[in-house]
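Some structures are shown below for you to check.
Note that chain A is present in both complexes that follow, paired respectively with chain B and with chain C.
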Partner chain A sequence: MVLKALTANHAVAEAAKLARVKVVSAYPITPQTTIVEKLAEMIEKGEMEAKMVRVESEHSALAATLGAAAAGARAFTATSSHGLLYMHEVLWWTSGARVPVVMAVVTRAIGPPWNIHVEHSDVMDQRDTGWIIGVAQENQEAFDLTLQAFRISEDPRVYLPMIVSLDAFILSHTVAPVDVPSQQEVDAWLPSRRQPYVISPETNVVMGNIADDADYYMMRYSINAAMEAAKKVVEEVDEEYGKAFGRRYGGLVECYNCDDADYIMVLMGSWAGDAKKASDLLREKGYRVGVMRVRFVRPWPREVVQEKLSNRKGVIVFDRSISFGSAGQLFTDVAASLYGSTSIRGVVAGLGGVDVRPEDFMNEVTDFVSHVEEFGRVYEPLRWHLPPKYAKSLAEEVSA
Partner chain B sequence: MSGTAAVVEKPKTYWVAPISYPAPASSGKTGLWRTERPVIHLEKCVKCLYCWLYCPEDTILRREDDYVYVDYDYCKGCGICAAVCPTNAIDMVPEGGES
Partner chain C sequence: MPLRLADLPRRRYGSPGNAACPGCPETMGLRYVKMALGDNVVLVIPAGCSSVIQGIRPKSGINFPILNIVFASAASAASGMSSAFEMLGQDVKVVVWAGDGGTADIGFQALSGAAERNDDIIYICVDNEAYMNTGIQRSGLTPYGAWTTTTWTGKTEPKKPLPFIVLAHNVPYVATATVGYPQDFIEKLRKAATIRGFKYIHLHAPCPVGWRFDPSLTAKIAQLAVQTGAFILFEYENGRFRLSPYSGMYRDPKRRVPLEEYLKLQGRFQTVLKDPQKLEMLRAEIDEMWRWALLLEKGMASPELKK
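Take a look at the complex of A and B:
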């Protein structure tokens, strides 16, 4: 075991290098991350045998990545916030092409007003594009998930692109020990790239030509079938990764303190660490509370959510993003999966990187518990966990 | 060996490929889209082959003696051949009238 002190950005770059990525394409200025900066450095120093394609926008960055991948290269890119939104059209092109691609997304708030801190709005905006979306809690997991992403994306049951999502600053710029396996170990674990077709002058293949309406429909059907198949592949890859490198995360979701829990917090990303701490502290006070950390937003782990959450006294979902006019996006998926079988509350918190501490989770959970105990079955899609600076003034305004 | 050339393997789930192969008439006889047709007056033609070179649809056909003629099944009537012809040997004639 070799432990290196790495930011999550550099950990992801190490993983891309060990996966023997052959083409990296990126637009080099903000909101680009140090992932691509590190990869450029590795390529320049000759530590990594790959081509860096510098383009004029994120839209082109993903398009060039798709082109390289369609031509048969293991290709990679990374972006964040506005860069990801600018790529949005090409996300559809990539999944529609059924070409395996891996992209790291450092999740950041979207302007205006300008804010570069952690929020999940950028990645949640891509839920419907046909990309698999995996979310890391820690630097080590960002590394592991990146390696796993190549195996998941290039599995012939899947053949869909995958986003590895990691929280801005809390992970991306924070140094933590990361166990980095050797090149030989990674080569033994990660097979050669597989893909459904290769575009080259010899193969004469055209991708994306006009299609009959019914053919188009069935291509959408087949993307969804691949998403469903990906659920099993994710679990398998998690298990095989565990055998090879000693770390398993639980597949589509990670459950913490769940077995005997009356109430379960559901959330994703780095703040799951604070929620786990809150769960421990609440147990000391006699509340049996667990945490379900969503590791994959897509494919949505409907079956696991139903199995693990249906028979609880209540489920409280924390979203670090909101679908304006509806509720938090995780909430809507959890609520749809549970179809009224238990009490549920959605909390939107931590937007724009507002700090959410274990005490905040504890206060939200105890408030929810008392609410459920008082009223019985509860369905509350949207509760705002306001920043401390505003919480008092708004409470006064509402009561006035 | 990881990361070398990709292996092409058919998907294992239900699959409709978003791919196609170039073939004539995959969109039908596109000559039907034409509103004006190019008519070549061979007596003015100097065999420069500009029209053959510039035609975006590859519908100016070249004979062995380097005179040219039009494949009206697929010519969409864009008029580029008439525009590039240095001797004005190509007229664009509205469709629907007499030949």
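Take a look at the complex of A and C:
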């Protein structure tokens, strides 16, 4: 293993290379662009034995990736924000085809107005498409998760495409040390490609012609069953990866300071680091607070959420996205899993890359704690953690 | 050496009971594709009549391996497949079989991208001149004056000159063909299969349901389209433009069968036939295509630009 200084985007590109991806197809979009640039460079320099299809759009990028994968090649793509939304239709087609594919999503806000900073609305918009969605906190994890994604996606119990999600700029463009294993080490860990079928003259397979309604229904049933099976696969892969490379993340979720915690923050992505810091600082002040970092949004880790969060005094969920007219999407899933067994509050914060610091988490947690202690059982789906300049004017408005 | 019918394979490539309408030009065309290219072919089919013609899974009414794909990105999916076969060391012809909507309209961006990249695929546009699968709505390739369910009094714009637009991408091979002259189509397919890079064949495909004619007349109407000059058969290969023999004789408008002979067999042109002004507009559309073709024949395209 070699420690390299890499942005998360370059780490993801390294992982795709080490996974011996044979076809890459992508379209540039900030902040994903440096992934596709790096892959193009590695292919042109002959460091990576792959073909790059330099398509004219993201819709085509995923279609070409799916085509390559259906023909039997390990294939990879990456995108962000509007690119991901433009792909949306093909995401459904890919999971429906049950073709293993890996895609990196560098999460970014959605316009208008134009904003290239971190937000999870783009990836959360894909929750229902039948893709496995894993979310990294740090550059190292973005690398590890990309390698793991091939193993998870190509597991015969799963055979579903997978998104590796990493946050704009905070990870994508920030250099950090990344432990990069050798090609031999990766080859020993990652089996050669497996997939349910290949479309070729030899197999004569047809994918996607009309199905009768009941067959269609059962295919949807089987995608969900594969999602459920993927939970075990994710845990296994995390464990085996740990054995081979020395890093384990806890599988579907990572729990920090949770064992004796009265209150638990739930969130995903890079700001979990700030939440962990807040948890440490709150403990110094006598608040027993932990962090549950959701690593997999799909399959939704219902069982472990129930196990770890029930019987706490309170759960506070931080979403960096919102389903307008409802609440943060993570909140909705956590609340549904807990069905009222504990106090819960949803906080929407950090949209469009608005900075959220450890003290912001601390303030939200202490506010929630005092609320729970004053009122007992609390159910608050949506609280806005406004940006500082607006928070001030709103406070003035309320007091006036 | 000219193609002899007797030398063509006699296997059935479309099964009885597939979901095509009577007189469907697409099943005719698909049969010719396999007669021309043999078994070493994978089809990519975007949304359209051919998605339905295959019939209901787990069986398929046409004997090809097929990746069915979303409407807008057939060319890109084919590029991906072709790249994969290349990386895996397999020599497989990847063929897109798309309608006029999937090619000229919703799929145009992907088509243009694949052409510009010179990806190694054969793209066949099966042009039945309207969105037939959704019930005969006008497309970019519906000719002037034609009735459709979204142009009740006839289309008010001319047909998009798609083969010329693809030709302007300066790809190695562009040809037009028709289900009316299978040998010509098969010869063009076989030539396309020997060329590396992007190959485009525009297949004229009269649709009995959408054009309102008797299903027994598909081939006849397809031939009349050529004989009246309404559809021009040509090849563009390595920067050289050639009229195909079936169209070559119609350079001179006087030798063409009167346009009305083609129109009167079709219900969709009834308002054109009753309105001399509309008829002139349609003639003008056809004349313009001939003007382009004859200019290209004189050598407008520069061979140095070829890929």
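Following the convention adopted for this analysis, the second predicted complex is superposed on the first by the 394 of 400 C-alpha atoms of A that agree within 3 Å, B and C clash if a C-alpha of one lies under 4 Å from a C-alpha of the other, contacts with A are read in each partner's own complex, and residues count from 1 in each chain.
By definition in this document, a contact is a pair of C-beta atoms (placed from the backbone, for glycine too) under 8 Å apart; a residue touches a chain by one contact, two chains touch by 3 or more.
Computed from a predicted model, the values in this text were never measured in an experiment.
Clashing of chain B with chain C is the outcome of superposition onto chain A. After overlaying the two complexes on the shared chain, residue contacts for A:D215 are found with chain B and with chain C alike.
When the shared chain is aligned, chain C comes close enough to touch A:G67, but chain B does not. By the document's definition of touching, of the two partners only chain B reaches A:P196; chain C does not. By the touch criterion stated above, A:V206 is placed in contact with chain B and with chain C alike. Of the two partner chains placed by the overlay, neither chain B nor chain C lies in contact with A:N311. Legend: residue contacts after superposition of the two complexes on their common chain; A:Y159 is shown touching chain B, with no touch to chain C. In the superposition on chain A, no contact is made by A:Q184 with either chain B or chain C. Of the two partner chains, chain C is the only one that A:V23 touches; chain B does not reach it.
After superposition on chain A, the stretch of chain C whose C-alpha atoms clash with chain B is 55-63, while the remaining options among 1-9, 37-45 or 55-63 stay clear. Taken together, the two complexes place residues 22, 72-73, 204-211, 215 of chain A in contact with chain B and also with chain C.
Chain contact summary for the complex, chain A toward chain C: residues 22-23, 25, 49-51, 53-57, 59-73, 75, 89-90, 93, 199-201, 203-212, 215. Put simply, chain C touches chain A in their complex at residues 39-42, 44, 51-52, 54-58, 60, 63-70, 72-88, 90, 92, 109-110, 112-113, 116-117, 119. Remark: chain A residues 19-22, 72-74, 96-98, 156-159, 186-187, 190-198, 204-211, 215, 218-219, 221-222, 225-226, 229 touch chain B in the complex. Touching chain A in their complex are the following residues of chain B: 1-22, 26-27.
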